[in-house]
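Look at the two complexes coming up: subunit A is in both, with subunit B in one and subunit C in the other.
And then the complex of A and B:
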């Protein structure tokens, strides 16, 4: 049989998918063991036991000073900022993106601005945001919105524009107003796309969150990672990175689930 | 020699073994390389801060007004130590304030935002911030003289393997400091260059020097490092670091890392000496024997 026609079985698919993870894990363990054999105090690639001890310290031991469980307070602080930033971005994207996609007048007025703003590197604006909005939560949420919203807006506007003209004309012949067309023809088709857009923007959103927390904060996942960086505490940084990744994966899966539940019709299109 | 724009990164590079020597404070020397297992020797005691680090309040006249405020500072830095000492001096603890970690390049901008009302930082930022409306210095390092010390440290093993390395470091150091402190056109040019490199100018740099007890004369440095006060200071510093969990998460007490003082006395675990103070090279410099 030609290679191009060979399919993995269900078990084979699982094994092949797990293989790179296992290889990466083994490479880490080997590297860590080598470095630790040379210098038992090495901090760059800590052994599994020190990683486990650090997880225990951060997640299951109350902090000596505040009595809080640091990992959970950090997670709550970060997720609150991330949720606020993504939520605001989604609302903005829906309003502006629909308007720009649906109404030629709004498109003429908004599209150039949005295209321009979406090209501004958000991290370059960070010092400005801190001075204008202060070091508190506002500037961190604003950074996420500035980074994520323009891309979502453009994406939604393009999706709305790509709706076949015939559908709009058909609705018009059925005497639908602009408002009704927006509500019943365009919204059901762009809303699933909004969820997909959010899924794709999870990575950048985390990036902006961590960058903002690194500069000024008193809690948060990025704050903690950058704080312990001073002490080369890879035993804390690695679990935090893994935890952030896991959170992002879970949010991605959660959004996919929401999409399927709320917009089952979008799946028909996808299966085809 | 490599110049880093990021202080912490320079220390991390040293701790990871990429460089053999680095300049840092006595506190960071203990908490980063020494706690990281790198046996480190202080070749030169350059100076101590006598006003370069300060607690600044907005609309507050005395240190007691800090109670209940958010305090912006670089967490776990000498600023944090200064705050702890300041609070201690008026019978407060860190529980009476909320510490907000803030990156040092953003301090000046941050002080101008309305929600920042208390800050601990160092020069050249302090000079700029005190010029802003409402800013008052309520505590500074001149009130704890000799506790925030700038060191030139090197890897103990490398020093032992290359006896000339320590001599070279000391020689270059005192030659440079001599030029920098001299009242000549060459000295003025050096101060202007140093000022520009630290984001201020010659006048700003000279103001910093005035707030620094610089040991331009190696004999003075020998006197400082061999005085019993150094042991007291390092004992305070290690107590602070242990309290913050910075001597390693498994450290059972502040004694876990040994600190050797000139003369051979050891503070803490004599079997795990990772930070060594010595007058060897400064003495050679003082005797003109480099």
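And then the complex of A and C:
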């Protein structure tokens, strides 16, 4: 049989999916063992035992100075910033994106500005934000919003515009006002797309969060990673990276679940 | 009763003339069928009647007054496809119009008013043989729902449009249909019907006349769909 026609079975699919992870893990263990055999004090590729000890220290041992469990305070601080940034972006995207998609006058007024702002590299604005908004939470949340919102806005505006004109006209002939068309025709149809947009923007949102935390913070996942970098503490940085990744994956899955639960009809449309 | 006058209407897109000097008086309660190949201007004419587009020259009068420049509840439309709302169940689709009319802020009726609308919508759907859809939870795109144009026709029929022959049969075939009618009025006024052909049932003008269909223009030339 030709290779293009060979399909993995259910077990085979799982095994093939797991294979790269296993290989990566093995490569790490081998590299770590080799380096540690050469120099027991090597910090670059710590052994599993050191990683476990670091996780225990960060997650399950109270900090000697503050009495806090650092991983959890860091996680709470970061998730709060991320949630605020993404939440604000979502609200902005719904309001501005729908207005630009639905109202030609709003589109004429907003589209050039949004297109312009979405091209500004957000990280280049970080110094400006720190100067204007101070080093506190506001500037970090603002960075996420500036990075994420314009893209969500453009995406939602395009989604709203892509709704078949026939639906809008139909609603008009059923006596709908502009407001009711927005509420009952456009909003429900762009909402699933907003969730998809948020899923795609999780990566950039984490990037902006960690960048802002690395520069100025007193807690947060990015702050801790960059703090312990000074001591080459790979045993802490690796678990933090894995934890951040896991958080992002869980958020992605959670958003996908919400989308399926709230908008089952959107799956039908996707399948068409 | 609504009389429609199409008075020397031209529609041009740049250099291309789509409709040329259309003159037509349509009596109240007419059924006007326009038959012609793709691209002969049927849909353009329909969009102008809806108010989605304006004639380049000439005017369209409804009871002597110029047609409003935007679509409104005085003119209904049943499209070939697209205009079912995919996010609403079939029942929700049929209920949307009356619900929006009931509350201009939320677009949702409450209590007994809502139940009355739901009952009427269910009755309409049952009459249109969409009992499958009465589960309330099914969406129009669900293959189990049935042909899509049917709920759409029900969306318009819920405004007290009686199920009269011959159009109730035609509507289900899934062609674009425009209904000139005052909102909520008991009697339907004028129906425009666009089709490339009428299929077997309305294979020629005689059969159509027997069924009460007024046919204007047998075929249509590329720039002169009917009238002239």
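Simple rule for what comes next: the second predicted complex is superposed on the first by the 272 of 272 C-alpha atoms of A that agree within 3 Å, B and C clash if a C-alpha of one lies under 4 Å from a C-alpha of the other, contacts with A are read in each partner's own complex, and residues count from 1 in each chain.
Keep in mind that, in the parts below, a residue touches a chain if its C-beta (ideal position, glycine included) is under 8 Å from a C-beta of that chain, and two chains touch if they have at least 3 such contacts.
What you see is a predicted model, and the numbers here were worked out from it, not measured in a lab.
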Exercise. Thinking of the overlay built on chain A, is A:57 touched by subunit B (first), by subunit C (second), by both, or by neither?
Worked result: first
Exercise. Between subunit B (first) and subunit C (second), which, if any, makes contact with A:216: first, second, both or neither?
Worked result: first
For this session: Return first, second, both or neither, reflecting whether A:43 touches subunit B, subunit C, both chains, or no partner chain.
Result: first
Seminar exercise, completed: Overlap of subunit B and subunit C contacts on subunit A, residues none
Seminar exercise, completed: Counting only contacts in the complex, subunit C reaches subunit A at residues 50, 52, 70-73, 75-77, 79, 81-83, 85-88, 96-97, 100-101, 104-107, 139, 141-142, 152, 155-156, 183
Seminar exercise, completed: Counting only contacts in the complex, subunit B reaches subunit A at residues 8, 12, 15-16, 31-32, 35-37, 70, 72, 75-76, 94, 98-103, 106, 109-110, 112-116, 244-246, 249-250
For this session: Please give the residue numbers of subunit A that touch subunit B in the complex, ascending.
Result: 39-44, 53-54, 57, 64-65, 127, 130-131, 133-136, 214-218, 223, 227, 229-232, 235
Exercise. So in the complex, which bits of subunit A are touching subunit C?
Worked result: 164-167, 169-177, 179-180, 183-185, 188-189, 263-266, 268-269, 272
